[in-house]
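Given below, in the form of structure tokens, are the structures.
Same chain, two partners: subunit A is paired with subunit B first, then with subunit C.
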Partner chain A sequence: METFVQILVSGLTLGAMYAASTIGLSLVWGAMGVLNMAHGALLTIGGYASYSAVIHLGLPWYLGLPAAIIVSFIVGLLIYHIIFRFMYRHPAFETNVIIATVGLAIFLEQVTLLIYGAYPFLQPFSIEEGFFVSGVFIRFQNVVILVLAVVTMLLVAALLSRTRMGRAIRATALNREAAQLMGVNVGRVFAQVMGIAGVVAAISGVMLSSITTLAPTMGYDPMLKAFIICVIAGLGNVPGALIAAFVLGLFESVVQFAVGVRFGFPALLLLVIIALIWRPYGVFGRRQVRRV
Partner chain B sequence: MFETGPNWRRDAAFGVVLIAVMIAIPFLGPSRYFIGQLTLFFIWATVVSQWNLVFGVAGIFSLAQMAIFAFGGFATGMMGLYLGISLWFALVLAGVGSILFSIIIGLACLRLRGPYVALLTLAIAQVMYLLIITDTACFYMEGVTCRNFTGGTRGLAKFGDFGFREMLGRREYLKGDYYLSLFLLVLATVFSFAIIRSPLGFAFRALRDNPEYGVSRGLNRFKYQLLVFAMSAFFTGLAGGVFAGHFRVIGANVLSLPLLLFLISMMVVGGLGRAWGPILGAALVMLADEGMKDFVEIRNMGYGALIVAIVVLLPQGAAGGLEQVWEWGRRQVLALWGGTGRLAARRGAAGEERRE
Partner chain C sequence: MSEPLLEVDSLDAGYHGQRVLRDISFGVPDGGLITIIGPNGHGKTTLLRAVSGLIHPMAGEIRFDGKALGRARVDQIVARGIVHIPQGDMIFSEMTVRDNLLMGAYLPVPFRQADANLKEVYALLPRLEERESQVASTLSGGERRMLAIGRGMMTGGRILLIDEPSLGLAPIAIDTIYGLIQKLKEAGRTILLVEENASRVADLADRIYLLDHGEFVWQGTASELDLHEEIVETYLGA
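== the complex of A and B ==
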């Protein structure tokens, strides 16, 4: 029973964090066709922004998250205005942008390294207290992570389905040209999507660093796992990504417990490869109609 | 087999001159550091030339090139260390092994398209990296020290080298590695030129530029993509083996993201899918690297910014830019010969457009 609770808690926490990292990635891909390799860097920036707001500016710990959200939101917008804006009309956009964001990822990582150094800091947005469930100590932080992730997902879903902005984003995702002809300002939609991606990345970055530590490369590993989740769910499929995130989070913690921590990621990858051989467009994905 | 015409002759002449210069350089008494850097340049240019076949020519978003490189390096080292065979023999076996390794990756990834391939290949490279650096199990004991199968975080060493030390002596052995890697680069480049200009190259490009049309003309996408994947793996694996033999050590750091970025930037700076792109790109990026050597802290930042700038400002790369300058210069020269020259120039320009 104790092991079961332990695996369940760590699996759900992992799943919640993967889900939050995945939404941003999936949204950016779905709406813009951009595979954002700099998403991990956005996560990292969010984590450090929270740290700086509390430690350097002296704000109370609970304001770390809003500070992170604001900073990552601005960085997301800047990425659009400095890079994507000049690229998205080019025919080879989808290829070039991957390379551009790889470059951006390294750039941002190095900037973080230059400012903060490689020393692993502790995330101040964190609650050390906890409670016991059938003999297993559970930190409130794990609960906060789960709740935050669920709330974020609901908010993004509501934003996409209920608002005018969400309708424009969905229209652009469905067919960029048609949306443009209907008067949707595609450039503005892209900027909005990057802003939302920044916000979501900040939340997952703060959550992630609260159970590990802050490091300039901390965003890379969760980003890769978010990629895998996107692949298995079908890129751009947000609800599918959420289910996949939790399933894979639980799977990983079971493997980590049963076989060993170092085999968690390899097992995940193996599972994904098998799934992809079975369904090449993702388990929930449909065959994509590509723009010509 | 080859496309004939001025382009082919230009490339051959250019290539011969380059090779002659590179062969002559060690006789001019350069520093050991310079020889070492050129050796590294040959190795990276080899990898990039093969990656360019997969990524630029066939349009497969593979980020597995360094994984194949690492496989070649580790296979060479492990065979040298555990089987005790000559590193030369191990090198050839590792090259063949790399083909098999890439076919396995290809079977898993090439059913997918576009960014999915990038994601999965990157994940494979990362898993290799994690498995190597978390390897703490004792494979054999060396005195009282425990050695891991993959070398772990310290890297795999003590598998010897290509024997240039005994053959040429301690002072001159670097030249052996220099000529070996130059030879490898020449082979790899001739191979990639042959592929790019052959019917096979046209098939790869057709599947890159218009997959639906290519498939409807009877090209089997999966088969051709697996083919180019496997072909490019051979020289990549060999490059990994030469790298291991040159440095006498191979570690998980060859799978690191900054190195991947370093090589991608060579490919992008040179120009994706362009025949001379890899060599030009590798040369430019390594020169930039030399220039940034004194600024270690901002070196990687510089690469990042450079890549973004090149992709945004010069999507065709330096080779694309040079090609335009070359054509412009040729037209100017021809125009000097008067009316017929002008006509020929116009025809040349039209031919250029058709080839693109």
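== the complex of A and C ==
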């Protein structure tokens, strides 16, 4: 029972963080049909922005997360205005964006390194208290992460399904030309999507760095996991991605406990290979693969 | 006759530097129904795409309500009241019927009137109200076409450009769709209709243009068309 609770808690926490890292990536793919390789950089920037807001600007600790959200939101919009805006009408948009955002990610990583150095800073907030469930100590930190991730997902889901802006994002994803014919300014939708991706990435960056440490490269690992989750769920499928995130988080925890911590990631990759052999367009993917 | 609502003047248009349309001129009067017929692949859809701004003219001008469209973006042209109901529907297949219709009312002005417009569409197309919360991909071909036209009506635009509404439908569904177009015409809507075959549209149209190899080769009314058997035989195979 104790081990079960322990695995469950660590699996759900992992899953929550994976899910939060995946939403932005999946949303950008769904709406624009491109991979944003600078997604990890948005996470990193969010993490450092929260740290700087508290340590350097002297804001109270609870303003760390809002500060991170604002900074990553602005960076997300800038990525649209500096890169995507000039590319999305071009037939080679998909390839160009991958190359441009890889370059941007490296640039942002080096800028972070230049400003902060490689020292593994800790977020200036951490909740050490906790409670016991069947003899297992559970930190409030994990509970807060789980709740925050679930609330974020619900908010994004509500935004997509109930608002005028969300409808336009979904419509653009389904048929860009038809959305234009309804009066949707596709450029503006893409900017909104990048803004939302920035906000969610900031939340996930702060959560991640609150249980590990800050590092200029901290965004890569969650981005890689986010890719895996997107591929398993079927790219662009946000609800599928959330289910996949929790399943994979739990799976990784089980493997880490049963076989060993270092086998967690290889086991994930093995699962992806099996999933793709079984269903090449993703476990929840409904549409056919768009391009080869 | 007063100035037409939509006026196309010596238009050349095409793709990637290739001209598909040459020297196209015509007008659609307010409240009128103008039809363009002709074989497939001769520029009918290209013409509608040029009017709705999906492609920009290579030469000539398109004026709406007296003002040139120039190189306006598609969404700006929609905001001015030109509604393009594209070929093959292009409905948002994974959204509900209601969400599809609400997408038609995306722009701020129609969005404020969305409830009233929705009532109007449902009154005209009760089938859509029955299937309101169904995902659009589960609709039949005829229902999808109804949804595409209903979605276009939701924009509250001043002219509807309808591209081949009978394409791929069973005869009975075509009857329904043309019944709907007839009602729209009677309600005073301005319509520019494109069809491959004249037989369905002839009685509705105020004026018919025949488009062949990117040029108008004939124009007139339905009764004049009857006098030209050679046109009917050559182009329309009826």
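Please note the rule applied: the second predicted complex is superposed on the first by the 286 of 292 C-alpha atoms of A that agree within 3 Å, B and C clash if a C-alpha of one lies under 4 Å from a C-alpha of the other, contacts with A are read in each partner's own complex, and residues count from 1 in each chain.
Just so it is clear, a residue touches a chain if its C-beta (ideal position, glycine included) is under 8 Å from a C-beta of that chain, and two chains touch if they have at least 3 such contacts.
Predicted model only: the values in this text are computed from it and were never measured.
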Quick check for you: in the superposed arrangement, does A:99 touch first (subunit B), second (subunit C), both or neither? first
Subunit A residues touched - subunit C or subunit B, whichever exceeds: B
Identify the partner contact of A:177: answer first if only subunit B is touched, second if only subunit C is, both if each is, neither if none is. second
Once the shared chain is lined up, is A:185 touching subunit B (first), subunit C (second), both, or neither of them? second
Touching partner for A:273 - first (subunit B), second (subunit C), both, neither: first
Subunit B versus subunit C as contact partner of A:244, first or second or both or neither: neither
First (subunit B), second (subunit C), both or neither: which does A:110 touch? first
Which of subunit B and subunit C A:164 touches, first, second, both or neither: second
Help me check something: in the complex, which residues belonging to subunit A touch subunit B? 29, 35, 83, 86-87, 90, 92, 94-100, 102-111, 114, 220-221, 224, 227-228, 230-231, 235, 262, 265-266, 269, 272-273, 276-277, 280
Show which residues of subunit C lie in contact with subunit A when the two form their complex. 52, 54, 73-75, 78-79, 83-84, 86, 90-95, 99, 102-104, 106-107, 111, 151, 155
Report the residues of subunit B in contact with subunit A in the complex, numbered from low to high. 59, 61, 108, 111-112, 114-116, 118-120, 122-124, 126-127, 130-131, 134, 257-258, 261, 264-265, 268, 272, 297-298, 300-301, 303-308, 311-312, 315
In the complex of these two chains, what residues of subunit A are touching subunit C? 164, 167-168, 170-171, 174-175, 177-186, 286
